[in-house]
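Contents: one structure, followed by commentary.
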Amino acid sequence: MVALPTTPADILPFVIAIVTSHAFITIVFFPGFIHLMLITMFLTWYERKILARIQLRIGPLYAGGPGGILQPIADGVKLIFKEVMVPYKADKPLFLGIPLALVFLAALPFAVIPFGQNWVIANLDVGIVFVFAVTSLFPAMILLFAWASNSKYPFLGGLRSLFQQVAYEIPMWIATLSVVMLAGSLNLVDIVNAQAKLWFIIPAFLSCVVFFISIMAELERLPFDLPEAEPELVAGWYTESSGAIFMLLFLGLYMKLYLMSSLVTALFLGGWWGPAFLPQPVWFIIKTIFVATLIIIPRGVYPRIRVDMLIRIGWSRLLIIALVNLFVTIFLLSTGILASWGL
Amino acid sequence: MALDPWLAIIIWGVLIIFLTGPLLTLPIFWSRRRPDPFRDMPFESGQVPQGEARTRLVMQYYPYLLMFVVFDVVGMFLFAWGISFNAIPLSESIYVVLFVVLLGAPLGYALHLALHRENW
Amino acid sequence: MVALVNYIIVSAALLGIGVYGLTVKRNAIRILFAIEIIVNAANLNFAAFTRYMNPAQVTGQVIVFYSIAAAAMEAAVGLALILVAFRLNSTIDVRKLDKLKG
Amino acid sequence: MSLVPPDLIFVILAAVTIIGSILALQAKELIYGAVALAISFIGVAGFFVFLDAPYLAMLQIAIYVGAIVVLILFTVMLVRRGSLDEMTDRAEGGEGTVGLWLAGLLAIGIAGVAALAGPNLPTDTQPASLPVSSLGPVLVTQYPVPLIILALLLSSALLGALILAKVDK
């Protein structure tokens, strides 16, 4: 860190030193804010395009750019100029505060996601547990927002969302535990470095499957989108949101989609590792978009399942599979089969 | 020259608050508010909302919530053990296996209870 | 820099708030809040003392580990008790839950 | 070294924790109380980060805020109807004063003793820089019996809570 300026003449060099420092670039530009916003906006457009292709439609077209790629900007401008409506007898502080908190919580874990060997905001020793600790606050947020709306559909949707996220959080953690044991670290940079020779999807395949299904449920994606099931609950827990509140909620949800996809990439798909003709962050983003595509596609294909079945699958099937995989990992590690890959 | 990771996270968090905060505070500030009891009414399929909105709670899934609290703790303990799996002799890891197995019994009972709706 | 005394003062303040809630409040859920605040004060003390008095060991952290786990279980059982009390008496005012009074 | 002096962060954290816990007990709506309690827990987690125990901080957030507060919120919503709205949470007569005196004496007593002993207490030691991975071996190799007892505690707590919450027929 550079010394604080003492004379007026020092201020300009100080500012330049700050702006060109690696920390500033990582926080503001690349894995930081601007990249995050651009990718999130891209994902909203990308999802609409993919769903349109599946259903033999065209999707967004007229907002400019190739394929209407400027659509998210048009949407944002539209939503930001709409009236902020708070339903009758709603809990105003919670109703307005939760969307901001949701975006904050969705964006905070990106600090520890490594987009490259040095492209990480905070090289945190408890990285993956930090991500889980922050994302475990989502159910409470959604329950509070649903409660604050003072409306029946959001409340039902919020309760469904609570139980669903709660049911799939533990299988997700146990599935990650195998990866943590293989890498011997909670630091995401170390975890990706441990995959230089062998991606963890191979020794921990069951984990990967469990983790993927769990994040589908955490993200409330089809076939697990009961909290926002259109035919039953209008729009689920965000029925009453409109304008800027709706925009913030969607920003948060798509950031969470990107976050979970990047977690799959970092934990199972070898993170930034790939043939050297592309730089590391590009590989990471390509893999992440691929995972996001896998998460989006079922929305155009599958029906949804019943809520009690959904919760039971999480607890009785996925948790058991994750625990079985834990013992498989113990076996693999204790017999030293993976020693030739440096694990 | 790297920042302390926690300091970087604090800066990142403050940056998010300052850059996304205006997305809500500015529309509140500039949007024209026309209070109207009919427009502010909660959506209920076009009907006038009936009764209290915050009443109907699904007690049926309460055991799952209790299971979550218990297995949250278990998960965090397993993580603390998992990072240093290679540093711990296998004979000592038996205790962790026993720990997991011991929790299998209440898990089975909770799943059994949760299956029967009439219990709640 | 921050000294151990500062942590003890914060922890004592939390303990005082918790004891106040425990003695004054009538709502069973609030009493549970007060208990959790007291447990937090204790945990803070454990972590602070192990950091300042014995920085090379993690023993204090392990104690906090177990303490948090026990507090979680206490909250789960306590809330289930409150639920039962509410179902039986349709109140959670601890001054009115006096059926056992002779 | 860093731009933000640690003392400032400490004061902010202390304010967040203490005001959060006061609001948790004094807020009119129980839901706000639960939210304030969650904020107070996050403040304590911040202290743990400060005390070079980041894993404890994550544990605190994941278990207290992620699980216990959710359970509290759900229970509040379950028992909220009717009983809580009419119920006064104010102390009657002398109770409030007695509680305030008791709590104040306790807190000021402990803080006073600590402040008197202040010069003898360590002010700052070198950061221990214990790696996160040092927690696991101690947990498993030095304290295996408490681990098993914890498993029994967790099992019995889950069973007990389930049986309590069940409807008797």
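As written, the chain order gives the labels A, B, C and D, with residue 1 at the start of each chain.
Here is the rule we go by: a contact is a pair of C-beta atoms (placed from the backbone, for glycine too) under 8 Å apart; a residue touches a chain by one contact, two chains touch by 3 or more.
It should be emphasised that the depicted structure is a prediction, and the values quoted were computed from it without experimental measurement.
Undergrad: Have a look at B-C versus B-D and report the one with more C-beta pairs in contact.
TA: Of B-D and B-C, more C-beta pairs in contact link B-D.
Undergrad: Would you identify the chain whose C-alpha centroid lies closest to the centroid of all protein C-alpha atoms displayed?
TA: Centroid comparison flags B as closest.
Undergrad: If you average the CA atoms of chain A and of chain B, how far apart do the two points sit, in angstrom?
TA: 14
Undergrad: Once you find the CA centre of chain B and the CA centre of chain C, what distance in Å lies between them?
TA: 21
Undergrad: I'd like the Å distance between the centres of chain A and chain D, where a centre is the mean of that chain's Cα atoms.
TA: 28
Undergrad: Check each residue of chain D and list the ones that touch at least two other chains.
TA: In chain D, the residues touching two or more other chains are 2-3, 54-55, 58-59, 62-63, 66-68, 70-71, 74, 77-78, 132-135, 139, 150, 154, 157-158, 161-162, 165, 167.
Undergrad: Can you pull out the residues of chain C that are in contact with at least two other chains?
TA: Touching at least two other chains: 65, 68-69, 72-73, 75-76, 80, 83.
Undergrad: Which chain A residues reach two or more other chains?
TA: 1, 124-125, 129, 136, 147, 166, 169, 184-186
Undergrad: Write out all the pairs of touching chains, ordered by chain label.
TA: Pairs satisfying the touch definition: A-B, A-D, B-C, B-D, C-D.
Undergrad: Flag every residue of chain D that touches chain C in the complex, lowest number first.
TA: Per the stated touch rule, the residues are 6-7, 10, 14, 17-18, 21-22, 24-25, 30, 33-34, 37, 40-41, 44, 47-48, 50-53, 55-56, 59-60, 63-64, 67-68, 71-72, 75-76, 78-79, 82-84, 87-89, 91, 95-96, 98-100, 102-104, 106-108, 110-111, 114-115, 117-118, 121-128, 130, 134-135, 138-139, 142-143, 146, 150, 153-154, 157-158, 160-162, 164-165, 167.
Undergrad: Within their complex, state which residues of chain D touch chain B.
TA: 2-4, 9, 49, 54-55, 58-59, 62-63, 66-68, 70-71, 74, 77-78, 80-81, 132-137, 139-141, 144, 147-148, 150-152, 154-155, 157-159, 161-162, 165-167, 169
Undergrad: Looking at the complex, which residues from chain D come into contact with chain A?
TA: Those in contact with chain A are residues 1-3, 31, 35, 38, 54-55, 58, 61-62, 65-67, 69-70, 73-74, 77, 131-133.
Undergrad: Applying the document's contact rule, which stretches of chain B touch chain A when the two form their complex?
TA: Interface residues on chain B, with respect to chain A: 1-3, 5-6, 8-9, 11-13, 15-17, 19-21, 23-24, 26-28, 30-34, 37, 39-45, 49, 53-54, 56-58, 60-61, 64-65, 67-68, 71-72, 74-76, 78-79, 82-87, 90, 93, 97, 100, 107, 111, 114-115.
Undergrad: Which stretch or stretches of chain A touch chain D in the complex?
TA: 1, 4, 91, 94, 124-126, 129-130, 132-134, 136-137, 139-140, 143-144, 147, 162, 166, 169, 184-186
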